[in-house]
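In what follows, a structure is listed as structure tokens, so that the remarks can point back to it.
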């Protein structure tokens, strides 16, 4: 479907009217949007007390927590020694709308979908929530200096993973319908006006400008293949030295998904875990195949830029830049990729 | 979509103490739901995630043979939270079982061939499942010569003594049980598993080798296996890693891009040579 | 600043080339404005990477532990005090470490600048004397440095490292006037209920990333209490009930040893104020035992020994 202009595909909404749309949405959907508290935006459930802020760059925490919460009850159980009754969590009722999702985060859902639905055993917890959710993206007019989405297969006006894409064209938002699910949502707002040619052209111009504004570029062209031969490379001895081994990069990464499963009294929970933590691979015998920060750093980089490529065909990095901004010691993944790219490997 | 994280319920029917130190026990489980029992079809070498409700879950290799239809056995060493809770459980306790998981031993590769089984210490449990399966009268003639080499630190540490005794009396298995060092009262073989393997020197001709043991045993066994002429594609190892979900989702048991829980735990040596040495 | 930077490089080069140390741990330019990053130099030709400025906020004493080589480490007052604490606690061979002491007038708190600028991103920044000049898309501002220093620096009483092997530059005047426990007094003035609400609200944002623990040089336990399973002291979820235990116990574990370098609060991605609880323990140490951590290599920490004259009014 190239060329031509499809009038039904685009609507516009005045910025001043968006709160009305959001309010109407909340009547039928559970709406999550960025809410600012003390200048920090995080995705919260929209309510009269929690109103979305539309001027934000991106949220601190990634959106994976909507589909895969940091702490999630896998099941509860009742036991009296002689018998055990397992109670699965209630089915996901109701539908969700995620509003103002940046294209990098929306793309992360596409990657996580590939993972959670792969193989013989599917992760019902993530998938059930996911299938009941409509994603309304918000394109980025001004990418941050730490954004490198264009190097990772995305773009500031990218449509991967969104059902609708809001595009800020000054005092209005252009609403582009990307999927059928998005179309279904828009049908509930028949009062939305059709976009005019000037609107879509303005959006196109902004999209080009935004793409050019992504100054941070990282080449991953040969990284995957080089990593195949770099498992024992001395580069790892250098890279990991300043790493503290905390979980900031993994927890703030939209595509990191590793978790731990623990039992508490009366329930089994799963929680986010990090390959950077020392106990991640610590075996009961005391043996740890990744005994130091070096092996754990190598695991992180190889997993995201090589192993998942072999398993799912994609690099699991969307270039959102959160790890770059928040690493306590300014360990920059872009530098690591550049170092790998520059490496002479046999 | 079925929920792969929900365990089936099983009751401990019998607990057997396996070793002198009393930190290895075999738990015989029967399902609370007979249908589920029938559907729990497994292959030798697979494992299940056993839940002790309140303590947690851990992956244990299945020790019973698939020919034993109305129960499953797990042999568990007490090392951590869940295994300790398991050891403190009594007969009649209800446990959770998820599985069977893993790829199991490559039975199709072994049929029509000689089978050499090498195991050390506590890792012998899934090899016991394999040996019982092969020896079963319904299966025996599908395999040729069966050589088993099994060693433990001392006689007290040998597990499945009841099976070892029974197998020793059979003539369709070349059983070699050894202990590391001489021990008063022990009249059997003495020597580390790799050394005994060298002595027994099973032929690699038309043979498949299955090896299971602690990392140090593997390290010294592999050179002997190579010397005996086994090709890397005919040698299989069962690996252990910390596992949680058992279904390739929690991300922790990977070696390179393979998951020990899903693509393993049995790997051909040829495959392992191409994977990162991170296990 | 430039003079100190050059002096640091000179000292470092001398130590390396004379083989008095095998490795210099310092700071180099970061990949973002107003950031430096820890730097490990083992070749003389890399000495020029070392920088010194008001963004040298990482606590390098963290990297002293667990190394076999002889190290020279750049240390601000707080960093040097922490190296001293670790030395007293016998966590590394003291003779293997050359503490290169540098006087510090405070490090910049990026979070304060972010709060001031809102959504505007700093693309370039220079620090000249007492001013921070920030530039971004469509804006240029000059900020007075004193308003954007870390809270821990505002009341720092050890701008000059009290313990070091080499001192670089000139000693700077100490801040004798500021009330370092003003924040704590504010908290003490609140009712117990108000304090509970305050901490609940603050700690509910915690995502259990352990950046605070991992950035702290005092948290060197091979197996942290968080990870122990037999017994598991508490849960690892980000439920408030678990999170509060983590922070309270960590505060107790560093009590009497913490020097308020502020690294924990700086490292926190969720902008939690992690200093205030621990600062209270620091106040107690000062009032009850007259003790300050890391200013003397001879003193044994009060929580590590018992003296007959120790107050015991809690024993009834």
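We just call them A, B and C in the order they show up, numbering each chain from 1.
Criterion: contacts are C-beta pairs under 8 Å (C-beta built on N, C-alpha and C of every residue); 3 or more make two chains touch, one makes a residue touch a chain.
Note that this is a predicted model, so its numbers are computed, not measured.
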item: Any chain that touches chain B and chain A; value: C
item: Comparison of A-C and B-C by number of C-beta pairs in contact, larger one; value: A-C
item: Chain nearest the overall Cα centroid; value: A
item: Rounded Å distance, chain A centre to chain B centre (Cα mean); value: 40
item: Between chain C and chain A, distance of the C-alpha-averaged centres to the nearest whole Å; value: 32
item: Geometric centre distance via CA averages, chain C-chain B, whole Å; value: 50
item: Junction residues of chain B - those touching two or more other chains; value: 80
item: Touching two or more other chains - residues of chain C; value: none
item: Numbers and ranges of chain A residues touching at least 2 other chains; value: 260, 262
item: Complex interface listing, chain A residues touching chain B; value: 74-75, 77, 79, 81-84, 86, 88, 115-116, 118-125, 127-128, 231, 257-263, 265-266, 268, 270, 273, 275, 280-285, 287, 289-290, 295, 299, 302-303, 306-308, 310-311
item: Sites on chain B touched by chain C in the complex; value: 80-81, 84
item: Interface residues, chain A side, partner chain C - complex; value: 38-40, 55-57, 60-61, 70-71, 142, 144-146, 238, 241-242, 244-248, 251-252, 260, 262, 264, 269, 271-272, 274, 277-279, 324-326, 328-332, 334-335
item: Chain C to chain A touching residues, read off their complex; value: 30-32, 35-40, 58, 62-63, 114-115, 118-119, 121, 123, 137, 207-211, 213-215, 227, 235-239, 263, 266-267, 269-271
item: Chain B-touching residues of chain C, taken from the complex the two chains share; value: 229-230, 232
